[in-house]
Amino acid sequence: MRSFLKTKTAIVLALTVSAGAAHADGHGGVEVLHWWTSGGEAAALNVLKDDLEGQGVGWTDMPVAGGGGEQAMTVLRARVTAGNAPTAVQGLGFDILDWANQGALANLNDVAAAEGWDDVIPAALQQFAKVDGKWVSAPVNVHSTNWVWANKAVLDANGIAVPTTWEEFTAALDTLKAAGVTPVAHGGQAWQEATVFDAVAMSVLGPDGYKAAFIDLDESVLGGDGMKEAFDRMVVIRENVDENFSGRDWNLATAMVINGEAGFQMMGDWAKGEFLNAGKVPGQDFLCFRFPGTSDQVTFNADQFMMFDQGGAVSPEQAKLATAILSPSFQSAFNVVKGSVPARTDVSNEAFDDCGKKGMADLAAAASSGNLFGSMAHGHANPASVKNAIYDVVTAHFNGEYDSETAVAELVDAVSIAK
Amino acid sequence: MGFLDIDNTTKSYGAVEVLHNVDISIEEGEFLVLVGPSGCGKSTLLNMIAGLEEISSGEIRIKDQVMNGVHPSKRNIAMVFQSYALYPNMKVGQNITFGLEMHGTPKPEREKAMREVANLLQIEQLLDRKPGALSGGQRQRVAMGRALVRDPDVFLFDEPLSNLDAKLRVDMRTEIKKLHQKLGTTIVYVTHDQIEAMTLSTRIAVMNGGYVQQLGTPQDIYDTPANIFVATFMGSPAMNVVPARVAVENGKPMARVALHDGTETALPFSQDNMADWDGKDILLGIRPETITDEDAADRKSSNIAHMTNRIVVTEPAGSDTFVTMTMGGKDVIARMRSDAEVHPGADFTFAVNMEKAVAFDPATEARIAP
Amino acid sequence: MMAHATQDTAIRTGRAVRMLIYLVLVLFALFYMLPLYVMLVNSVKPLDEITGGGMMNLPQVWTLAPWAKAWSSAQIGVEPTGLSPYFWNSIKMVVPAVAISTILGALNGYVLTKWRFRGDTILFGLMLFACFIPFQIVLIPMARMLGLMGLAGTTWGLVLVHVVYGIGFTTLYFRNYYAVFPTELVRAAQIDGAGFFQIFWRILLPSSGPIAVVSIIWQFTNIWNDFLFGASFAGADSQPMTVALNNLVQASHGVKEYNVHFAGAILAALPTLLVYIVAGRYFVRGLMAGSVKG
Amino acid sequence: MAQAANADFKTRLQTWLPKLVLSPSLAMVLIFVYGFIAFSVYLSFTDSRLLPSFGWVGWENYSKLWRLSHWETSITNMGIFALLYIGICTVLGLSLAIFLDQKIRAEGFIRTVYLYPMALSFIVTGTAWKWFLDPGIGLENVMQSWGWTSFEFDWIKNRDFAIYTVVLAAVWQTSGFVMAMFLAGLRGIDNEILKAAQMDGASNWNLYRRIIIPQLRPAFLSAFVILSHLAIKTFDLVIALTGGGPGRATELPATFMYSYTFSRNQMGIGAASATIMLMTIAAIMIPYLYAELREKK
């Protein structure tokens, strides 16, 4: 069935892309569709723009924010269908694979070979940038999602050390609760709940179980006791969240930690920017550590730029853009701002703060020990349909609609419908 | 070939035929009135002459030019509407000259024509007003001015007086008649008011149910209505129609009619051929003004019959007094002089001018005599 | 004149009842004003006052800096352009789209009431039902059509989309309005020699003010406020105000400058607010003349 | 002769012009509405995921759709939402219109205040609403800080009540518009009838109940059409206010369809839900349109 789909849509795409080629930017530049519109990110991206314009490549900016890129993906679909695909599009995980499977992306192998991408980009990441041996996108960064952020003053005041196991963690939560501090700052949005669940599941199932459940979609693991245990742990976390969490934006949750209203937040490394913006210093004012029980693992998501096929060949502008994205200087400059770590492992960590340095070290270690996994919550473990099906169950369970047993059964069912 | 020919014309909406084989031909300068109750098809026929409705079959010709399919503006006609249809956003002057403007008449000529018409209708002082600021009578004049200014071959009037009050209506009626006499234009005029029809027209087409019932001069229509419909529709109060039986007595055909108490009276016909109907039922038509007291009976008539009947109601109307009695089981109205000595409940001897009486076949309702 | 038919109404109310009515009306006025108040008051506060809490509080320090930033220097894409360029993109799209859809609606209404033909009611029904189509389902096929027509990513493409999905309503408004417009006027004009367009232009249109106001308000608001089509079909240089505002407000990772967001939101809403405030008084009159009549 | 032929052509053109003028609109509607509906219905029987694809799968998408509890939630929500939204807007709009019709001072100002929410999209007011409804910073917090410490208003955080906050915001946006429609209707009623009724001794209450409100039928019908179309299209509001949460508690068919078609790459299921939505709309609107249009003929 899959190949049938492929050929049919390939025809549609061939038509649309060729129509698009005629329409392509006449000014010898790149049109970039992305959702990095907040101050820091956009400024960082502006570095890339200036770099390209210095090389005589025009930059047409096409920002569409909303829903962590969902809105941009809708726009992309409209643009491709119209035969008017942008030259480069910010993409995540399986979205990239899906587009590559539609035959819509350009082959960047020449650039990759010239720049030696194969050697410097972790294999786990390459899975989302290479399809059938062809490079189709240029990775910008690697976010890791199994971080816990903590207010050091709050922890110190309550005599809590950095917890390394689930038991230590629950003990810490109890202490905080007794002290009248909200133990966990959390924003009640499906993706945030999934982010927490990601880390919790990794801690319970271990790397093999995580892979079996979320990457291989093995029903025996999805419906197994480990999964029920993971849901039970979510209940514990839910009990340590304030009553006003629903719908809260993640950055407001981070603010709770910054202000000392809450002790911990489970969130990806982008949360660091909020602390830095508030004038906080890592190690002094706030702490960053891996979710208890996942200290060796890194679950990641990576922003990349997909290069859309411009009439069969990679345009010189696309090549220049790809090269610029993976240049060590941009990788360093951008990721310092963004809170993430470079997508290539050979970038100097000099410009990064403590959390950044730790992130880079963790990534390198996890990559070499086979502990680097795509994050389920961020679309790097399974396709969007499955991801969202899991979201449905996790968020329904977190909001008290299902008990853990029902949630496990629903999870198996939802995944089977979405597959 | 006349000036305006309506030749075997029908109108259908889908399978429903609403006008049946209408044949009318009028000469230049004639004033044709189409009269009939609402829904009789008179307005449809007018709209077909105007070109506002398509002709389903047959032909309409103006000055021997076939008008079928010709756009209204190309027929050289003008129309005055019931609501006057003055353009609310234009001043009176613009309303009058709009048609000329649409036909490409240069501005100076339009101005000149407008002045003339305004002068004729005495509406010069209204030219700069909007229609909203005019009275009903003034609007009526403007609407006529708009038609006149075009100097068309045929004027069409669609119930133009029905929105005016009674007094104004009579005045405007006279005005229209004067204009017609002065200008000698050809007019087709639709109304449901039979008095307008009688007073204005040179010829009348009485219509009902999509048929022309009778076409003729006002006098023809009034005196010799083609059927009961025409007889009762034209004239006010309406013609009395009473059941009667023909009986030949002494070689003369008589109409035997029941009076209020069931006794019969015999009223002699003026027409000998009514003898053919001996013993048969007919419907006898007698106009109210032909039933009077003896003194008021028409002296020129050669056939005055008398009958004594009981008065049920009297209605003094100033100039006349209307008297209601019962004949053939029906209410019959007589028109008496205002000074006649009539009292409800009393018996009275009436003089009936049988020369003017009309007989109808009860089966077909068509006139059989005279 | 008709607009005040019940102004001199004989309905009399006692003093106590009137007080109660005023009370209710004022309470609801407060309810309707609330979100705007929250936006306004927080758009002139420094950010730290907002995070300090007190959403209803008046600012301790008044500042217009958020407004200036939202208009001219906030980060929308890679460049800190503020909302101003997008404002003009919206104007360029909204004005022709409103004009075309209103004129088409007026013409359709004119034909459907004054030039009736067999099956016209069915056609009108088809157009009216089109108002109910959920826009989400047309995105993909519409994108394809725009691509085929060479209008993808252009302002004219957006204009087309808005016209297509607006004519149902404009036709409805004008049809109901023209249905009670005297047909005799059209006939008179025909006999006077006016053609199809002359009748429309000289006779009907000059009397269409009230319903045109309704149609323009409706279309202007809907098109100006549209996000879905704007985001999906606009090109980089034709993105409308709402998309830019969304980029400003929805910025994924990073500090949320709520005061700038509120200032931007009010800026984005100003044109429609202005239209309602200025033309609002004609609105009831127009509704009366058209859409609420049988 | 030539002139006659010319005139003929012109006349013929005049008879064709009306249809000619209507035809672009008709063509647009046929292609961009009905064509797309047909396309969407077709897609619901295919294996389309990321992009349209044409592998026929029969009723599979429909059977999957009905297995999703999430879909049932959105249907139930739609029922609750539409009922309350249309009902409250109508009652509130009518009441405010009647109140405003009592020779109120500053009527123009109040009317504008009531009407302006219609001018704003939820992209604009979404954040303000979210704040207002948030117990931590919104109404609850304000009331408590004003001394009413027992005041609670946390519906938006509550799975069972969140849908009512969506209703609240939707009513806020549209009820003023409905009010304007009823006000227009009230202003169109012949004053003589009212005077006559008063001479008959009708109280104000009876005057409205027996004489005035029954005469507002056209306004009720227009309000119903506008409100039901807005209810069905409600999308921005949910996205801005709750994002469908808490959990999936405020998901509506429009957001469901969007999320399956675009976020979840399950275009087939999205199309199936769209088809069901359209059929529901048709089932409600076609009888209404039929009755309305036939009556006017």
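Note that the chains are named A, B, C and D in the order they appear, and that numbering of residues resets to 1 at the start of each chain.
Quick note on the criterion: contacts are C-beta pairs under 8 Å (C-beta built on N, C-alpha and C of every residue); 3 or more make two chains touch, one makes a residue touch a chain.
Note that the structure is predicted; figures quoted are calculated from it, not measured.
Trainee: If you apply the touch rule, which chains end up adjacent to both chain A and chain C?
Mentor: D
Trainee: Of all chain pairs, which one counts the most C-beta contacts?
Mentor: C-D
Trainee: What whole-Å value do you get for the distance between chain B and chain C if each is reduced to the mean of its CA atoms?
Mentor: 56
Trainee: Can you compute the centre-to-centre distance for chain A and chain D, using the mean CA position of each chain? Integer Å is fine.
Mentor: That pair's centroid distance is 37 Å.
Trainee: Which integer distance in Å separates the CA centroid of chain A from that of chain B?
Mentor: 91
Trainee: Where in chain C do residues touch two or more other chains at once?
Mentor: Residues 139-140, 142, 195, 246, 249 of chain C each touch two or more of the other chains.
Trainee: Quick one: which residues in chain D touch 2 or more of the other chains?
Mentor: If we look for residues of chain D contacting two or more partner chains, we find 14, 51-52, 262.
Trainee: Residues touching two or more other chains, restricted to chain B: which are they?
Mentor: Residues 71, 74 of chain B each touch two or more of the other chains.
Trainee: Going by the contact rule set out above, which residues of chain D touch chain C in the complex?
Mentor: Going by the criterion above, the answer is residues 14, 17-19, 21-22, 24-26, 28-37, 39-40, 51-52, 96, 99-104, 108, 110-121, 123-129, 131-132, 137-138, 141-142, 145, 172, 176, 180-191, 194-195, 198, 204, 207, 217-219, 221-222, 228-229, 232-233, 235-236, 254, 257-258, 261-262, 267, 271, 274, 277-278, 281-282, 285-286, 289-290, 293-297.
Trainee: Please name which positions on chain C make contact with chain D in the complex.
Mentor: Against chain D, chain C makes touches at 2-13, 18, 21-22, 24-25, 28-29, 31-36, 38-39, 53-56, 104, 107-108, 111-112, 115, 117, 121, 123-142, 145, 163-165, 167-168, 171, 179, 195-197, 221, 225-228, 242, 245-246, 249, 258, 261-262, 265-266, 268-269, 272-273, 275-277, 280-281, 283-285, 287-288, 291-294.
Trainee: Which of the residues in chain A come into contact with chain C in the complex?
Mentor: My answer: residues 16, 19-20, 23, 31, 34-43, 45-46, 48-49, 59-69, 71, 74-75, 77-79, 81-84, 249, 251, 255, 270, 273-274, 277, 338-339.
Trainee: Which of the residues in chain D end up touching chain A in this complex?
Mentor: Chain D residues touching chain A: 47, 49-55, 64, 67-70, 130, 134-136, 154, 156-157, 159, 162, 242-249, 259, 262-266.
Trainee: Within the complex, which stretch of chain C touches chain A?
Mentor: So the residues of chain C in touch with chain A come to 51, 75-80, 139-140, 142-144, 146-148, 150, 152-153, 231-233, 235-237, 239, 243, 246-257.
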